[in-house]
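Each of the next two complexes has subunit A plus one more chain, namely subunit B in the first and subunit C in the second.
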Partner chain A sequence: MSKTVNLTIDDKQVSAQEGEMLLWVALENDIYIPHLCAMKDYTPYAACRLCFVEVEGKKAPVTSCTQPVYENMVVHTRSERVDELVKKGFELIMSNHHLDCKNCPGNKNCELQKIAKARKLPLKPKKLIQQVNEELPIDDSMDKIVYDPRKCVLCGKCITACKENGNGILNFAHRGIDRVITTFGNISLKEAGCLDCGACAEVCPVGARSIKE
Partner chain B sequence: MNNETFQKIKQEALADWQALKEKTVIMVGTATCGRAVGAVEVMRAIDQELANQGVKDAVLMEVGCMGHCYAEPLVIIQKPGYPAICYGYVDEGTASVLVKEFIVGDDLCIEFALAATEPNDMFPTFEDFPRGMVEQKIVMENCGIIDPHNINHYIANGGYEALANAIEMTPEQVLQEIKNSGLRGRGGAGFPTGIKWETCQNIEDDVKYVICNADEGDPGAFMDRALLESNPHQMLEGLALAAFTVGASHGYIYIRAEYPLAVERVRMAIEQAKDKGLLGNSVLGSNFNLELEIFQGSGAFVCGEETALINSMQGYPGIPRHRPPFPAQAGLWNKPTVINNVKTLSYVSHIIKKGADWFKSIGTPENPGTAIFALAGKIINTGLTEVPMSTTLKQIVYDVGSGIEKSKKFKAVQIGGPSGGCIPESLLDTSIDFDSLSKIGAMMGSGGMVILDEDDCMVEIARFFLDFTQKESCGKCTFCRIGTKQMLDILERITKGEGVLEDIDYLGELAQNIKNGSLCNLGKTAPNPVLSTIRHFRDEYEAHVIEKRCPALMCKELTTFYILPEKCERSCDACIGSCPVECIYSNEDRIKVIDQEKCVKCNSCLDACPPQYDAVIKLSPVDMLKVKENVIDE
Partner chain C sequence: MELTEEEIKTAKETSQNILENYTCTDRGKIIPVLQNIQNELGYVPLPAMQTVSDHFELPAVDIYSIVTFYNQFRLIPPGKNQVKVCMGTACHMRGGQIILDSWERRLDIKCGETTEDREFSLERVACVGCCTLAPVVVMNEEIHGKVTPTRVDGLLYSYQLDKEQEEGEEQEQKAGEENE
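For the complex of A and B:
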């Protein structure tokens, strides 16, 4: 058994197992830190760049999903620098997200809405140009689940979920701004052998993979 | 050094080298830079002419790149009784002249000579020119002098002596020497090599790896390629010393597949070193074993990033991951792994042989040693150069590079590859080292240096480099994936004259966040060209957005071509013939006029107009055209 350590997050004294990632420790203690890509018990993917916090003694904000806790650590989940990074990161994500909450299956159960509320950020980015590729087709080939790639934030969670529970048919394709999650050969979920287990929709933090009504 | 096995190897090599020194030897630089301009053909022509002339006792030999790429193909002729002379711009014709006049006859052909390669009292050497006074060669010393296919040439010039010394030492002693030397990684970040090795050495594990990073993805950079093509053993010896120090028995050389010649020469070098017992099982009879293998990368820029490189070696996509753990702690197959750049490794044997104090006597205390740059752009002497750290940019541009082409006005140095920064004239006295460069918003990077002149638009330059990094972003993390695209869109708007004043500050704001928020150094450095040009050339950004004017007359949307009626010669039709879209016509006075609707702004007419008339000019903003045309109407 690893040892227990005590730390302070936003003036709250908490304890945790040494080496646990800070993000989870905070969340378990009801301290919210924005996050999209972290999966508990998995190697941090560290791609969404929203979980920044200040750790006293460190020069710059760090991603809490990759930061192990240690004895006497002092953490601030908010600071000017953190807020600026989260605001810009969130704006960028929203500039690449097909925004249509009213008709979205993820409405009210969406991590983006949650972040916007918690950090008082607008859902619609003001200065940025929309970068969503609206041409990307919705995959409606299955009975139960549906995939709308225009809403995907590329957190990668569904890939892991599919590997663990389904047939492992999902992966990233392309690079840069064209990066998407798709099946091998970009065929439909049905053709790729989807089991319709719904594990992907379960983990999807937004409305990109969802269970049909 | 008392390794008997090595003594024998060395004696043999020296005999080989000595025998060569007594012959007439014709050396042709056949690294990729030479090949690109016909070195192989020159070599064939020499061979042919030697046969025609019935010369039997001359040796025709391939060598690597000396750095004088501007004057390729290069041929060095060493003939007993004469100093070895380097000839430049050699073509097939010159090649046969050299054979006939100098090899057969006794005419040195000084009209083709660049310099002698060794001191003598007949002819100046490279060291006698301003360039030679600035340069100091450590890792490039034998490049272009020895045959990269022949291990004996390397050994005869001091090669593998450091390895032979090291195996008589403890790994801790070797580490201490590298730590004392203050060597910093030449792959871009300048991380202290000794500390990296120490981290790896301190971890107990039966399996460890060493990797040479020869991905070299920066466009325009070819230092690593030149080193591997010219002196592959120097890197191999460094890699072997790294392996010995950290306790690795397996190593890889990660070379991009676009470097077939480097791959071939490194492969041959590994084989030869194995044959001599310098690699493989029981190196020089010791209990140190080292197997080296080449891994050919598929060439994405981001694969040069160490964690992406490891992923791609393990068969995964080349995508970076969060550090720590650093590769030295958990790298290839999760084992402690030292990754170093080709240049970094190439210094190692010299340090072990000559000592840390010698290395520290060159450069500055924090930045010891030399730096290698690939000079490109609007400079007279393009090519490679090796100079002590602390040399100023001015010395590189004017002494090594001989200044700006076509007597144009210098504008900036873009240094550090696609994620480097632009340095203006006022900062040309900056010394080149890791710390000074990052202080002024640029970086050492891996050693690309592009010289820009008055015709280069700084906004366009920033757009050009960001276009590269944006396309090369792996797309994993938010800031780099979306942020660089947003920045690029704004820059494109500005170069088209569609920008607004707030765009400039917003660009800066986005850039700062991408720097702070990205996962890997690709994203963290991608905004540098934009940040540094805003910092040093803000007036050019403002001219684009406020006046819709491109001061360098480079941005197509903001410039027009115009033929000055008072200068047009009328009876000359050079521009008409040159225009690919046939949009230049003669008016009733036979003065040439451009149909602006059809003009594609390709520059052909400007190039075609004979210099004595010089009638075609560029105008920016586009509105200037109206002013000009009104003058005519009146």
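For the complex of A and C:
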């Protein structure tokens, strides 16, 4: 049995199992920390750079998805430095996201909307120019699932979900601004042998992978 | 770009041969294997990736992910003549983009592609070390400086002439052999 530890998150006393990641402890105690790529029970990627928090005794903000909890830990989910990091990170993500909430299947059930509301951040990037490759084709080959790569935030959750539940036909390809989540040889889901199980749509934090209505 | 039947066959055979030297399925060996394939074939085609993924017992898309991540891997066969347009700082300032554009128009391919007849492949490089000659084009290890769009036409024309001459010589040789 692992030890129970006590810690303070935003002046709230909470207890958790030692070694648990801070992000999940905070969320379980109704303290919201923005996050896109973290999946419980899986090795964290720490790719989205949104779950930053201040931990007393640490020089710089840390990503809470990779920070294990320990006894007498004191955490602040908001600070000037954290807010600045999250604001920049969020703006970068939004500059590469096809923004069309009205017609998006993820509307009202979208992590981006949730983060924007919680941290009072604009959905439309203010300083950065939109860099979305509008020519990326929507994959409509399956009966149930539809994939719109223009809306993808590259969190990588669907890759894990597909490996666990489906055929493991998804992964990242290319790099930098060209990075996409795609199939072997960039073929359609149908040709790649998609099972149409819908696991990817279930974990997608935005409206990139969704179930057809 | 569609691969020919022969290219697919060679790709599979070559990667099989290379994989025979690797008995383990240690993931750390994937990149060396892919590098060997590229050395043999000049590129890493999809059928080769499929063979590699079977050997390492991984989904094929994981290999695709690695190959597309690194710039050192080519996905399509290189052309007989490789055109490299310099996009270093000096060449960029002296209109390298215009030169790349004219190659793309003349060859009717995009940067990073190969023509359908496998004669030319076009790519961009970052500085070849002779900035005073900017904009620079390297064609089969031969450097051409102060290139203009008309020079692009000229280069293409001279390669066409060379090719015609070669073909002519070949035909003569054949005819000669037949006469004997």
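Annotations for the structure displayed:
Everything that follows uses one rule, which is that the second predicted complex is superposed on the first by the 213 of 213 C-alpha atoms of A that agree within 3 Å, B and C clash if a C-alpha of one lies under 4 Å from a C-alpha of the other, contacts with A are read in each partner's own complex, and residues count from 1 in each chain.
Assume contacts are C-beta pairs under 8 Å (C-beta built on N, C-alpha and C of every residue); 3 or more make two chains touch, one makes a residue touch a chain.
Just so we're clear, the structure is a prediction, and the values are computed from it rather than from any experiment.
In the superposed pair of complexes, A:170 makes contact with subunit C only, with no contact to subunit B.
Contacts of A:47 after superposition on the shared chain: subunit B is touched, whereas subunit C is not. In the superposition on chain A, A:66 makes contact with subunit B only, not with subunit C. In the superposed model, A:183 lies in contact with subunit C only, and not with subunit B. Once the two complexes are overlaid on the shared chain, A:129 sits against subunit B while remaining clear of subunit C.
Of the two partner chains placed around the shared chain by superposition, neither subunit B nor subunit C is touched by A:57. The wider contact with subunit A, measured as residues touched, comes from B rather than the other of subunit B and subunit C.
Once the two complexes are overlaid on chain A, the subunit A residues touched by subunit B in the first and by subunit C in the second are 172, 174-175.
In the complex of the two chains, the subunit C residues touching subunit A come out as 46, 49-50, 59-62, 64-65, 68-69. On subunit A, the positions that touch subunit C within their shared complex are 163, 167-175, 182-185, 192. For subunit B in complex with subunit A, the touching residues are 300, 317, 321-322, 470-479, 481-486, 489, 506, 509-510, 513, 516-519. Contact residues on subunit A toward subunit B in their complex (touch as defined above): 43-44, 46-50, 52, 60-61, 63, 66, 81, 84-85, 88-89, 92-93, 95-96, 127-129, 131, 154, 172, 174-179.
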